[in-house]
Amino acid sequence: MELLVDHHCHGVVRRDLDRAAFEARLTEADQPAPGTTLFDSALGDALRAHCFPLLDVASDASPEAYLERRAALGHAEVGRRMLRAAGLAAVLVDTGWAPEPLTSPASLGDLAGAAAYEVVRLEAVAEALGDGVSAGGFAAAVRSSLAAAAVRGTTVAFKSVAAYRVGLGLGDERPSDAAVAAAAGRWLAGGGGRLADEVLHRFLAFAALDTGLPLQFHTGLGDRDVDLRSCDPLLLAPWLRAAEPTGVPVLLLHCYPFHRHAAYLAQVFPTVHMDLGLTTHNVGARAAAVLAEALELCPYGKFLYSSDGFALPELHFLGAALFRSAAGGELARRTTENAHRVYPAVGVPGPGR
Amino acid sequence: MELLVDHHCHGVVRRDLDRAAFEARLTEADQPAPGTTLFDSALGDALRAHCFPLLDVASDASPEAYLERRAALGHAEVGRRMLRAAGLAAVLVDTGWAPEPLTSPASLGDLAGAAAYEVVRLEAVAEALGDGVSAGGFAAAVRSSLAAAAVRGTTVAFKSVAAYRVGLGLGDERPSDAAVAAAAGRWLAGGGGRLADEVLHRFLAFAALDTGLPLQFHTGLGDRDVDLRSCDPLLLAPWLRAAEPTGVPVLLLHCYPFHRHAAYLAQVFPTVHMDLGLTTHNVGARAAAVLAEALELCPYGKFLYSSDGFALPELHFLGAALFRSAAGGELARRTTENAHRVYPAVGVPGPGR
Amino acid sequence: MELLVDHHCHGVVRRDLDRAAFEARLTEADQPAPGTTLFDSALGDALRAHCFPLLDVASDASPEAYLERRAALGHAEVGRRMLRAAGLAAVLVDTGWAPEPLTSPASLGDLAGAAAYEVVRLEAVAEALGDGVSAGGFAAAVRSSLAAAAVRGTTVAFKSVAAYRVGLGLGDERPSDAAVAAAAGRWLAGGGGRLADEVLHRFLAFAALDTGLPLQFHTGLGDRDVDLRSCDPLLLAPWLRAAEPTGVPVLLLHCYPFHRHAAYLAQVFPTVHMDLGLTTHNVGARAAAVLAEALELCPYGKFLYSSDGFALPELHFLGAALFRSAAGGELARRTTENAHRVYPAVGVPGPGR
């Protein structure tokens, strides 16, 4: 089995979960509708087919039976089984969102038997500046934080969640320091906290390019907070055009249902790459069909693999299992090669893995 | 054969039709282009394959031969054959649009051997107030009419055609009574008639929620009057978010070509459901492919069946035949179960059906 | 083999090409990303499978081997082989864009053994007026040029690239002569040159209708200059509605990834037709899947064939080979029949072709 580089994922929860807590983390929904269950879905079918057997549970068993067995094994053993079965060479872990304590990149790497790296979320960097920064000092403080993050050996990329906060319609000019100071002033006057200002997200994206590290963008589907219309990667085209002269790789994540749009951008812009991320496990057995649509235009050298697994190690495994089955050996191998080219620090795994 | 609940359809015409009249009702086009025929289409192929044999006409016969046989049998017998063959437990009939006299819900139910219910169109209720209402009295009159409609035993849902009139970009706040009065004043000053005012459509949608009955929305494709771009169900997301605390089920109808968008909404919003409606018969043999796309994200408990059959009973039958073949027995059964949950008044059909 | 009418293509280059020059013309990208090649793509796979053997090169040979053989045969022989193998009855050649000298329509027809006609680009006509026109005289000069072009026996259609310049959101009213004069004045004051003014593109489109010749519109994907969001053919709906009373056929070209949108327009507007154009060769083996999506709604009498081949005769051949394989004999035959109906001057090929 070809090892994959999971170039965008998150940690997993460090406790056992009851049915409600498990189901709340299964899809992008917070909860099922009354009288229904999110286990009855393409994702649920894939979970039964691929994950139940990994915990020695029959595929036609009930969710309760699965969750009982899961609790009996304990979250650590479940994590180990799922992440080992994922067959990963490396995990690149977005550490910028953890509504509850999740495994660190190193711990996730240990579970997976894979090299572990960090993807630093731009907004988390900015928001961490909090009280300690003035409006006029914001730009320099961000640049300094990003530079410090970039030189840590474990950091291999930055990530923007502008899609969630202001949409992907970022302007195509670097905001001036004065404009950044004014925007930061508004943000600080509002008490800091959650950043949602087009000027600041744009500034962060350009500032990330200056470090030379690849920049990942959330695009396409997400949880119910997202305005999906404003997550169409085509909205980012003006910014992508402006960013291109830097030569820094840009990674469009997830992309669904706009994956054909992303593939077009990946064809015509040399710096643009894409993956299907959380789409893969959400659509279950349809992963091959969606991948085929993405590869209509996306050159094979521009496509990467990620699971966007979050909280449940089942999602890290499902992503890999469904992708491998959809992509076949040759494309799976290519995505690993592509990840090594885009993230040179990740390195090529030796034969002894 | 599992009986289906056709949760959104219309009556059928009560006369025989010549070729031009039949073809004008076959698709969303008013007429074919010169030198072409709408029989040469995915829908036409499905008609030949599924409907011709029901009237004892060979599938490779000409449209003329079919229409001759159709006239010889008479519209009543054709309606009976088609609707019986559809295999329906219940029909939920939108009575709000009838450019010519159509069968009543009860008559359609008789043709189908199915229970019959009414879906009341919000705009028809408002427009019926006509001269008899003042701007200041509009809101109360609408509320009173909706409440009266809701307590009739036959009414099981309301329906909004805001998509056709102002698009789905409804605001996410209930308009104040003053705002409704002002908008009603503009409408009345213009002579009443066809409603097309965002404030009024939004008011109607919120007022419908107050009755507790499920609310259907036209979304996606429709006839040539529609601005398809403004029928993307994602435009409705802010309103859906605002409507969610009421717990009232919302049904996104048709959805194509935005069915993946609708499926995303059905996943993340507990109250949101979807169907493919008129898409199913329009795309003919591709119904399975389109359904597969919708079920990538839509939880199986949120998907319903409807034909959106209008005027031609062939469309009621084709929808059911194509859907059954696309969905398979298990999902077909689920859509009926889902309909009974969303519309409790429809009830579960007894074993003697 | 059924001969096809390639109702929209361009000339081919009149020189041999090295790998960089060939690859730059292969897709909509200007160049591959560092470390990747555009040969590794759906289009590249199709090139290997279909074109390599036509030059006696094994499908698993390297691009270099193919290009060596290509140079040894010489561009003229390659053009002849590819265009003959395309099996064309007629080529309709857009002569409005030639960053380097390309074969004329007559020469392309000779290579193909096909009848040759010209598609005149509206913007090229207007831009050619250059210095010789005043703002006030612009409208009359355009009308006169279009009328002259239309009566040349070789001209069978006009084409608009408004999508590239201002997007497809054209207004639905003919601009007044005063509005045209004002817009032309702004254009001339800016030195003339590349036209990009909604009023002028709209004027050109309406003026083209007045000649009675069919009008082609670029829609959907294109090179990196395009703002793909503004190439959604649904944006053109108001203009299409306004244009319909003229009865002049309108052709939506390429359409991807909005081909389902175009198909909807082709169903509901009698004058609207569509093709997949450059999509067909770009998506390679997925041509059948994309075509199936387009034919969900597009009536078979409204679908045409084109390659949009440009510069490389491989693209003219690939389009035809992939389309034939995707469409099957019956639909291929229909597209030729449709082309003859839309472009009566093209005529039905005699049995002796």
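Annotations
Labels for the chains are A, B and C, by order of writing; each one numbers its residues from 1.
Throughout what follows, contacts are C-beta pairs under 8 Å (C-beta built on N, C-alpha and C of every residue); 3 or more make two chains touch, one makes a residue touch a chain.
All values derive from a computational prediction rather than experimental measurement.
Rotation relating chain B to chain C, from a C-alpha superposition: 120°, rounded in steps of 5. Between chain A and chain B, two chains of identical sequence, the interface residue sets overlap only in part, with shared numbers making up under half of the total. Rounded to whole angstrom units, the spacing between the C-alpha centres of chain A and chain B is 38.
Of all residues in chain B, none touches two or more other chains.
On the chain C side of its complex with chain A, the touching residues are 27-38, 40-42, 221, 223-224, 227-229, 256-257, 282-284, 286, 289-290. Against chain C, in their complex, chain A makes its touches with residues 232, 234-235, 237, 241, 247, 260-261, 264, 267-271, 292-293, 295-302, 334, 338, 341.
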